[in-house]
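One structure below.
Note that the chains are named A, B, C and D in the order they appear, and that numbering of residues resets to 1 at the start of each chain.
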């Protein structure tokens, strides 16, 4: 059977949080990956474990864009929406393209289902779907039928319906089902194994015989992919991997102290299986104990790392300051989520930047890095360890929920190409003073407690320069405050210079972290329309990369799209006195490309860019 | 034995406690105990929080870390996991350890991390100039309780036993030999030791323990616990403890021979330890020594054993394998 | 009696717990108990931390505050001091109350603030999707302990007794009547009640208490405490507790008449409570009911009495006097 | 005996921390106050309770300027230094005016004393005092002699020497000793009462007979002092008083939850004696419990206040965010000290501004106010309560160690002149929705838990607009984020407009908090020399006061002196895109007038103003 070739597709699976939508999405992603499609994913699920079935609040979604070209976002709008119930349908309809395909599980459109979804009438029969192509499939009934032979009870049988839906989608996009078959075989015991396999096949056959579409589609592989090994990684997996590799590079134990919190917990989970790599994970009684244990480990010569999300970072702030004062290496992962307070724990946001920058008592600068994509989190974690040890400073990594749970293909790096990680060279015991400094980096020596000949005391009171004894001398405090700041500033030497991609003048879009893909795509789109645009994406937020002032000076207008109320924008204005304009989205959702594109259009017309979000 | 002396553990820093403070004596005994234990200096690490007591690490010529208020047990846990071969000591106060740091203390004790935790209990906040602490008595007038404290005090030993501690002991600043032995015991115990040290703050709470520890009546008011020995004390009047239901009662003994009828101390009986820790009443003695001790695997040995077990089964972790993981792939070439 | 019913305490919010979660039953009994106690809605305030359990206040038609992780006892203390006439309830979990919030719990219990504290113990972190908690068993494999937990669990009742709590009790989600009575008791106790409620998390720790609470063997494995009643249980096999040193031993009884020889429960005996709370061993029952109860003045009554005493002595504070203070002056005119 | 009249005098008392220098200073201050002198004080003591006697680290100092004219600082340099030992002498000599008078307790200049002070030679005999007038007094011996009749032991007798020194100074400045006599009588029991009185008299007689100075001085009273009642208050006392008065004004219980920490503890001490005013103080187990209890009290309708210093503020940040989300009134006192980490606990600094502004997860704006002088802390505390209740927001008061412990005369206010404090009017139970808003202030209603007819639930998850139920709706989160920001912004309505004092153009000096007196005096000095200067001092740091942009636009140069690394400067640059220049002092000490003056001179010459501190 032949297929119709297309460049890129966006699909979204949506159902109850108990319906297995995330698993379904991951399996589809894996199939796309093996086919050599570029891809980006966006899971979106409620905070509750099993949010009330059938309600809008209970809808769990998974979106993937896969393509035969390089892409950078999971897509603004869907070509296909798979909706397992009315709540999933209406909640996601806004994001379905006009003319897009809605595949609907009609078995769940009874009066009671509509009521749970707070619907007055049935969208399948009223006019709400007029602009879309609708494919009504009795997914529940067909699944139950397909798995009948395996003796499951009603509830168990119904649980197989995600694989039925997956089978349909595999047919529609001509994907091989083998990897999913293997996964089912590995993951499930009898009789669920057999039932899920049957549901998968049934879904495929149904789509084929009922002609879900006249012809299936095919998304060819991206041309010129280097012949390397790849993995599809989430941001959290990539962070964990980067930390392990970095600790091995410096030949120290990796110590991860953490207290569970969404969306950072998966880093703890990932690291706690790496026992044979010597990784020590410590689930502490709270965030304070977690960071303090990491500091203690670092004092003992391990690579001390702690990870959390916004509210947990607030709790760690006092102890991070201890690391600043004690001048010990420490890496702090902050996987941001929507705040303030408990906020919206599973939703994404970038609103902890200024907390990261300033949320400690006294003048207490620290290095801040942010990954831009899930795969990029590997390199960012590695760099964080490198800088922390090179400069004897705490380094914070600002990831977010979108990066943490989103996935993309990652080319497995060649370890020989990673920069080396080395602590400041230790002086001889005779020449040793705890707060003597490397002339370049200003780092003090990192002497692991227990090292013979170097016994010494440190602490959180102000230290006398060089000797490290307690000091209240006024000028010394000024000097030490400046040294702590300079040390962070000198970490610039380890950073890539600032570089804007695109036009050398005109309008510059600056972003940081997870907005990378959306900004990059919007800039490309705008340039294709003839606008003079460029994109500069910061990995380092403190210190800023070398050359940033010069780059900024070349542009007439600067737009700063952020998932917060203008925090980077505020820093740029203060540092460079440039009239940078914020584009602030605070909705718990990533930017859509079109929102940034529209903001640029407005800006070029002299309007406030915020209008793009209205 | 070791040829180290106390002097080897004295740092060059000027000591900044008030003249007459009980902390001096504790410091001296700790330095002496370090010499007696005989490890080289670098094998000790002394971790403290904030408070007068927590200044101690600066004065000991070993590794030392004066951290932040209440968090020393957590810092020490990380250090011990990174360097299990060190002898790690936690110095804390009744405010540092039982007020802001009570939770870390509880969890480190339950986990049984191999730490020697010394709680300097002066029943007051010294460093912040005299507010009441969680061990201050009801009715006590302090800067922050001008009409008297209304919070019933926490019983440190009872609290520690309640968390599941494996070694709970008590000593006092003014009995150097007893204290030194308690410190050596703390080191020798494999697991967390919780050693409460009664300490006089002569500026803000002078004489807090004088009723028991003054030379004049010390011998009549202190019960020294010894494994297997009868629970008796007193010089003028000989008294002893007898079992009374699930608790203890003080009895006046007619003479030393009657001591044999008294209960004998069994530090491995946690219920007895509980009764001793919570004993109150007009003639109740100050009980010093090891209230409770048991053996359980330490936290760090169990945690690190999972690593060595994994390595024994899977081999030393191979980075290449980690990178590729089971789900890595090469793109199918068409 | 009150003509309120459970329905009066049901809010209009959709409940967001997993189907089958033990929290549903606890919620229902709490609403019923509120009706039974009979105060008007506005006299109840339900304060929680963060966790599945801590979502409860949204579902109860009273005053309610879903605060932050671990801090509900502190928020409730402030509320109780501001509004002593309210019936204040704290809802917490084994993570919320014993991990991050353990210190606040300890201090509120020692202070004896008049709060009814309900700790939903499912021995797991529910809301964050299944990591081990401070009450998880050694060896348990969870998302964050793939090779098994190495931390020995905290014993909630023993911990509470160790802090000086005045009322320590235990119940379970699957015994509605027992639970309801325990809730009413909690309200009636003047001072802090610590009520541990064993709760099934059917998603991440299903059957955690099934060994004891399954209908099949429930009658043989649960000991219900009643003041003055002998400590016996069992249908198939009748068993009883007898004193053994300072502790307890399980004995098989020949018949009901032998029950009279067994120990009788005395909730005012803290040492017995300690022994009950820490009883372990192959035939140890699940002990439900009031382990310990005593009367002590509440924290807020003592704190607020200092205010009324001051007013009785000095009169209602006069702002003018406050402003002038004793050291105010007019400048001497030359 | 006649006396020589002078306008203003700066004296500093310095001795061991056990020598009673603070008490001595307070007594002298009180005498100056009663004489109608304007005055400002600067206590400066070590963190240790009894720091090692005789060492430099152990020196405790107390400086006072008193004058027959209005003054604003405790003075840059001393006219007289009273030094009880060599360490006190050498440590303070830098601050003695050339030609100034050093009164030295010669009894403490033995070899051992010199050694403790780390002196190789005796400053009384080497050349170190060549530029000063030195009066050598055997204070210890004379005191011991004077108190001999009262049967004190050596140590007790020696403790009376501060009163001996005080007697000398009373003679030198023609002050009445009566108030101190009364104080001694009130404070001490026999035989210490008699001994201290004898020491005081002996000091006076000794100064008289030995002619400490040819003629005593006299500082006349300030002309035109309004005939009102005054008190000499420290900043901490004024804060406590302001809170009590504010709570009475709104007829609610004042609830103060705190955990002791230097230099904030005195607020707790002061409030805990106000029992008959119904003030409830709660000494919590830690800072987190303290702020949470205050939030709970506020939920119960009390005026919930919490107070701390830098490291404690870091710990409170998560809970402050709960108050922001729950939209409850809360006042947070932060008495700043030198950081980061434990830092220098008894030294002053203003380096928590950005922590106060941003140190919480998510976009979480709150109102920030700062008192400028000790007496001004009264009004600032009052305003903080007023705004918190008016706008249903947390308000932070940024005091510092210098204000906390410094003292100045405070004119006791007429209560009728204070603005009223009123919560937003409550809707009827029928019309009630927890997150409905007052159209002006945007405040939601403040319903005390327990109020019949209004039972409702609140919490830290994002709230649905109006109803206050939990909401994850994207646009709602944006709206609520904006509402929380606008609410803070609208508090501007309660603020005085920005006003610069001095020249209408030229160079503007902007400060906040405790730098007020030094900046004001420096500006006056510069203007007297013909420079075009003005001074604008911010009480509100968030929101900024109305009209600030306009004021800023009038000046060519903007200098921002701060006791931190340029934090307000950073905010001004970001908000107003003005090239404000920082003058940063981070030494644990307040600005000297001459440092600011010199910085202005440098700036006018086109040099970086930091040179003024070199």
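By definition in this document, contacts are C-beta pairs under 8 Å (C-beta built on N, C-alpha and C of every residue); 3 or more make two chains touch, one makes a residue touch a chain.
Computed from a predicted model, the values in this text were never measured in an experiment.
Greatest centre-to-centre distance from chain C is found for D, with centres as Cα means. Centres computed as Cα averages put chain C at a distance of 44 Å from chain D. The geometric centre of chain B is 39 Å away from that of chain D, both derived from CA atoms. Of all residues in chain C, those that touch two or more other chains are 50, 66, 68, 99-100, 102-103, 106-107, 134, 147, 303, 306, 309-310. Residue positions of chain D with contacts to 2 or more other chains are 47, 57, 275, 285-286, 311, 318, 322, 326, 341-342, 459-461.
Taken together, the touching pairs cover every possible pairing of the chains.
Chain contact summary for the complex, chain C toward chain A: residues 14-19, 50, 52, 66, 68-70, 99-100, 102, 125-129, 131-132, 134, 143-147, 203-204. Contact residues of chain D toward chain A in the complex are 46-47, 57, 309-311, 313-315, 317-318, 321-322, 324-326, 336, 338-344, 347, 349, 351-352, 354-355, 357-364, 459-462, 472, 474-475, 477-478, 481, 484-485, 564-565, 567, 570-571, 573-575, 577, 579, 585-589, 613. By the touch rule above, chain A contacts chain C in their complex via residues 47-53, 55, 57-58, 259-262, 265, 268-269, 272-273, 275, 281, 283, 285-287, 311, 341-342.
Within the complex formed with chain A, the chain B residues making contact are 11, 13, 40-43, 45, 47, 50, 57-58, 61-68, 71, 73-83, 85-86, 103-104, 106-107, 303-304, 306-307, 309-311, 313-317, 319, 322-325, 327-334.
Listed in rising order, the residues of chain A touching chain B in the complex are 30, 33-36, 220-221, 225, 227-232, 241, 244-245, 248, 253, 255, 257, 274-280, 282, 284-286, 288-290, 292-302, 304, 318-319, 322, 326, 412-413, 415, 448-461, 469-470.
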